[in-house]
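First comes the structure, then the notes that go with it.
Note that the chains take the letters A, B, C, D and E in the order they are written out, and that residue 1 is the start of every chain.
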Amino acid sequence: MNRKKKPDLQLAAAAVLLGSILVLSLLAPWLAPWDPNATDMQVRLQGPSPDHPLGTDALGRDLLSRALWGGRASILLALGATLLSMSLGGLAGLAAGWFGGPVDWCLTVLSNIFQGLPGTCLMVAIAGTLGPGVRNLLLALVLTSWAGFSRVVRTETLRIREEAYMEGLRSLGAGPLRLILGHALPQLAAGLAVLFATRAGRCVLSIASLSYLGLGISPPTPDWSVMIRDARLNYRSAPHLILVPGLCIFLLLLGLNLLGDALRERLDVRTGEAREW
Amino acid sequence: MTMGRYLLHKLLSLLPVLLGITLAAFTLGVLSPGDPAELALSQGGYEPTAEQVAELERQLGLDAPYPVQYLRWVGRALSGDLGTSYRSRRPVAEELLRRLPVTLELAAWSITLACALGLFLGCAAVIGRGRWPDLLIQALTGLQLSFPAFWLGLLLILLFAETLGWLPTSGTGGAGHMLLPAVTLSSATAATAARLLRSTLLGELGKPYCTAAAARGITPARLVVRNALPNAAVPVAALLGNSLGGMLGGSVIVESIFALPGIGSYALEAIGGRDYPALQGYVLLTGLIYVGVTLLVDVVSMLLDPRVRLGGKHL
Amino acid sequence: MVRGLELRDLSVTFSLPGGDVPAVEGVRAFFPSGEITGLIGESGCGKSVLGLAILGLLPPYAQVEGEIILDGEELSPGESRRRLGTGLGLIPQDPAESLNPARTVAAHLREALLPLRLPRSAVPERSESLLRDFGFEDPRPVLRAYPHQLSGGMQQRVLCAIGTACSPRWVLADEPTKGLDRTLRGQVRETLLSLPKRGVEGMLVITHDLALAQGLCKHIGVMYAGQLLELGPGVLEEPCHPFTRAFLAALPENGFRPMAGAAPRPGDRSEGCVFAPRCPRAAERCRRERPGISSPFPGRMVRCFLYEG
Amino acid sequence: GNAPGSSTPAPENSSPVPQEPADTVDPNAEIVLAGYRNLAPGEKDGYYCSKILYVWEPLVTQDGSAAPVPCLAESWEMSEDGTRWTFHLRRGVKFHDGGDFNADAVIANFDRMKLGVKSSSFYPLDIDAHYPNLTAYEKVDENTVRLTFSQPAPTQLYNMVNFGSAIYSPACFDEAGDFKGICAGTGPFCIAENKLDEYVLLERFEEYWGEPAKAKTIRVRVIPDADTRFSALKSGEILGVIDLNAIPAALAVELTGDERFALTTTKSTMIRFLTLSGTQAPFNDLRMRQAVSLALRRSEITDGLYYGFGTPTTNILNYATPFYKDIPVEEDLAKAKALAGEVLGDRRVTVTYLYNGAEAAQKGEAELIASWLGEIGIDCRLTPLEYAVMREQLKTGDYGIARMQQGLSNSEPSTIFRRFMLTGGDHNKNYSLGYRSDEVDALMERASSALDMEVRRECYDRIQEISAQELPVVPLFNDVTLMAYSTRLTGYEAKLYGIELPLVAWAQ
Amino acid sequence: MRDEVILEGRDITKTFRGRLGGHPRKALEGANLRLCRGEYLGLMGPSGCGKTTLARILLRLLEPDSGQVFFRGEEVTRLRGRRLLPFRRRVQLISQRPETFFDPRLRLGKSLLEPLDIFGLPRDRERIRAGLERVKLPAEILERYPHQVSGGEIQRLSLCRALLPEPEVLILDEPTSMLDISAQAQVLSILRELRGACGLTCLFITHHRETADFLCDRVQSLEAPGIPPGSVL
């Protein structure tokens, strides 16, 4: 009883958190009371006031509007990058695990190469070489994370493929298409859902780190981690400058982590967490 | 004998990875905007002539097709020549090696911290499972996982260095200097390790040998630490080894926040200065370290398991 | 007072996400000291759970009701845990899985000897003599070995040594022969038979292997769907309960005659006798009322209306 | 060993965290300061370390008003025709490694310069830049050297100030002119230990010819990040910040209420401005440049972002020179819109705005300026770059706006005018300013041939007016040198070039 | 009729090549097996002698290194894909571990429909009901998931599923070894009934002499690694 309730609570909390962050971010153009980039040096570094419910930053920009706008880019990018690397990695893993032999060998070597590279370093290097910007960021994220998906999916596929019931179905005459689409994929789906949540969280974190270093989302697009970076000169006298965006990132990550945990517990799947950091 | 074969197998499987790392580093150089020869010559405000550029291109072998360039580059890298930094005009290898100890020290502290904290939290959660210690640890690790490192670093400096003055804010010079950066860098890893350890420990506790051990009338702590832990530690060791890649990368942020002159901040400076040879060297070096550590972890976790260590030898 | 292990209305219920699962229900039994009692029954009928309940080793989400009394003293779960090693010992099933692969035999034995609080120096000697007792001529290499370096039979003997290291008064052996081949089964039987000589007062052997049960045990208990339906000496030769009879009829030597119907799923238990839906001799009353314990002749205990009064 | 550091090993207790101030301060305790970069980049640098560490000394240095004054050269004279300079060297000066400073040492240093340009993170060590038209250098006697030029060189002293005539012990560099270890100069401090990217440890040179340094040891740490530097200062780990960008104004004002810290400021020779790419649209049109200048609200930048540490200007010349003409700053958004509208019509243009990412305040400044320029139809793509890289980009002309700065170390306005406003001026070309004014060319011609000070001033005034009108660059503000230090120190005073390190000491 | 050979394996050799670090393992060497129409053949042998391997090769689930498999005189060793489908329909397998033989996420009813879909047979309720009756199971069981039924039940279900496409040959790989005594008896008695009812041919792999004697016409034993040639009959 006890065990049943916890994941539900978790799931609900995650849903509420992520849902509200998503809705608020997506509706930012309508919800934000000010233009997030409009400066007004007369009201700089103000605390909360009726005009600016969360105060203003060093250039007099409305913090609430910036917080509302600040998640859009990274959330969309993280979701996009995770989806893309999941599809790529998933396909590669499925092919490798299912067909085995030379296909497996090639794909495994390839994914080993990408796994063997320290992801964050490579990401920094790619973003640094190609310059900041959404496209390069996407490239860096996908390049460094598809292999993780591929590895997990491959292991799972290998396991599922060797399940006795797969052999049973094969002896019943089921072809590979039926086996993959009808039986393997639905089996994988649960694991992928969990993996998606965790990886999306990691993606958000990577984007935030890169943006913080000035290698990610470039100005003037408002972004939470860039806001933290920019606040470094003023946060001592105006702590809300780092608390608001920091809290936003924190809540987003918390939501994704809770979602991952809840799904994991609910779907009772083990992903190859040991391989991951 | 099997162990020798296993090692050989491991080493062989590392070859493509090494190839990949060198390729990645080389490709970065190719992708980097601008003409390397011109960039190299024109730093410091000089305007090279076309002949000078062409001459340097010939010298650097930039007129050869890419595969040839790649082979030459690898050859040079093998002999320890990673090129010359555009900014400082020193050999990149020398600069990297000079800064490496700082990063390694940071990584070592972080891994140690992650290890200690992960072990402690994981075991404590399992020993007190279902009761408040477990819930508390779950909540704590959840928080740790959701805290971006740069935010954590800022808050830690603000609290422990600037306000309380307990610890130094930046730079090197002993354990005190490494504490805050290591905490920042290892927080998420420690939480992941604790959670992984908790779940593997629970998995081990469900196995018959643990029931059998419990039937010997030992305390729950002993059951967890002495019996389940040695078997549950293998995936955690793998995790920690792999997390080193993350730490090498994460050190970019941490080193820049805590003013540590390691290779992470070097990479950041290189990016700011469009110093592509330095960046190439950075990728190569971190890649090699990562591969080395992965191998080490593999071997160690193999040695942790007596079934592998002693082979199938029967009495 | 007759010495022995007494169970009074012992019930074990698992609280699971899907609802409560009663695994053992109202078991009332007395296993006398000085005897080996066998426990047989269909798979999943609750034999292991009953055993673990006696040892107090059930997971936290299992609710145990009723009393377990050893030689007149009541054992709460905490109390049984405290007595593990010295008072109660376990010889687990599946020797290969029940030894910690990462630790040497010596480490296992050292841990098993902890309750005796021997001086450090006495431990190796004691370990060696224990192993010698279980037929290892030269125990030193065995002590140094890791479990995977031992054969199945050796592992099983090591487990017996560990389970009886502190000379517990009662020993529970859960399917000690599962998965072993014929010769090894013989070895294990010999080992178990030798235990009473080593200070073990009573023993409970859970098994599917009726041949082993027959050869080893004087008393046999028969379980079905979480309940103990029959208990006493000579059950295999002279079964009383309809279930026992039907069960024995399925033996190869009796011609593989299957029992009609299906075993109840855990959870859906009806009002009356658990066996009534499959019982060839079930009467109307059997479906309404749960039978109490009857004794058709001294020493035998049966839960069936047929033997009432 | 020729490195003095090796004879006096670093103190055992090298913990950079100083103890709580006791009632009596040990005057010999180590003083820890910090800057943002390696002030001693080491062997590969043409100078080994910056002038502000007071390790090496030049023949000629400058005073507070930037006039050349003696240092290692006690006196000098120029020949009638201006082609020969004779320098009389100070006597009794010792290098850190024990060698004597004399004419041979100076000649050896000239020989070293003659080997070719040595790069440096300060100024290139280039004999042609410091000694244009030099034909010979010779030892006259033990304490006299003579330089001969092919052309009259009346302003040669200015060229030789500080980095132009650095002197090292001949024993510390090899035939190729590279340092063989720690450099040995004649200054009041010698380098005891140099750990790149971490710190450089200075020790008082006891045999210094002049007034000895007050502090026994000074450790100058490298803390690249301004915020971290501030934290270190605040927590007492360091006692002061030096060098350029020592402390951002926003953080400096955090210290104003705290009596444990003090600020020291002086007029900076630095001017901050925007360069606009004049070789391509839209800023090849004067009206666009004027529109930009009119749209800026400079006092909001200086008062808001720099907390008053800076003075708005539209004059290209820095306010530290005596030739500075105060021209009222004109800002008028409506006029800016009108001018931009004339050029752009209803279109909007997107331009790249390059700024130095390493300087914390520049990003906010860029965003602020971008938001103002947005009002006149210019959208900015903000791109942080290092200065070195930015210069590369500027040379190609492929940019819109770049935030630059320029120091004027010798106070001679013509330096600035020549570089930015002459048709062939080096910055005019290298920054792709595309500026061309026949009037300025003529005025400069006239000024250079004028011996009468008033004529010169007239020309310079006119050029300043033109600069504010035609905007070869769009000036933002005159800078203030700003440093912060702990009040546990004395003698910490901002100077035109750094602080006078030998005067820094523990407060008693 | 008795002598018509329906399924035959000739000179089958199989060696498992382990992954790097493991040694190759010879599982079968020149094994021969001949199954005549309508007969119940018991196959016995010590653990690890290759019984399961032989069965999988006969079922075309595993490629032999050498040797051929004939079904009704036609060689099927090299058939693949669609061409294998008629053979699949005629030869069915019952496994040792029935609980893992069904997709754990599907209700048993759905799993039972699988063979009908594969062979394009109508999804006939009547047919399934009849099948369930044959193995003495209530229709209610189709609503459950595999982990919700007992071992005996699920083994009977897999029997039911195997019989749905009306096969001619059934290969049973130790169908009762993991079951307790009463469940064993249930399955065995159903098998015995089937033998009377339809003209099935069975290859019955088992460890237990008693079980083989109970069910089979003749018993062949397999010795590691393989049956010496000519040992048939």
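Note that in this section contacts are C-beta pairs under 8 Å (C-beta built on N, C-alpha and C of every residue); 3 or more make two chains touch, one makes a residue touch a chain.
Computed from a prediction, not measured in an experiment: that's the story for all the values here.
The most distant chain from chain A, with centres taken as the mean of CA atoms, is C. Across the structure, the highest number of inter-chain C-beta contacts is found for A-B. Ranked by how close its mean Cα position lies to the mean of all protein Cα atoms, the top chain is B. Remark: chain D and chain E have CA centroids separated by 89 Å (rounded to whole angstrom). Chain E has its Cα centroid 35 Å from the Cα centroid of chain C.
Each chain gets one centre point, the mean of its Cα atoms, and the points for chain B and chain D are 39 Å apart.
Among the residues of chain C, none is found touching two or more other chains. The multi-chain contact residues of chain A, meaning those touching 2 or more other chains, are 2, 232, 236.
For chain B, residues that reach two or more other chains under the stated contact definition are 130, 158, 256. Considering their complex, residues 42-44, 181, 208, 210, 246-247, 249-253, 255-259, 262-263, 265 of chain C touch chain E. Interface residues of chain A, counted against chain B in their complex, comprise 2, 109, 112-126, 128-131, 201, 205, 208-209, 212-213, 215, 225, 228-229, 232, 235-236, 242, 246, 249-251, 253-254, 257-258, 261, 273-277. Put simply, chain B touches chain D in their complex at residues 34, 39, 42-45, 47, 87-90, 98-99, 157-158, 161-162, 165, 168-174, 176, 256-259, 261, 265, 269, 272-274.
Within the complex formed with chain A, the residues of chain E that make contact are 56, 59, 61, 81-82, 84-85, 88-89, 92-93, 95, 97, 100-105, 114-115, 118-119, 158, 161-162, 165. Chain D contributes residues 14-17, 41, 44, 119, 121, 124, 196-199, 221-225, 228-229, 231-232, 234-237, 357-358, 384-386, 388-389, 391-392, 395, 430 to its touches with chain B in the complex.
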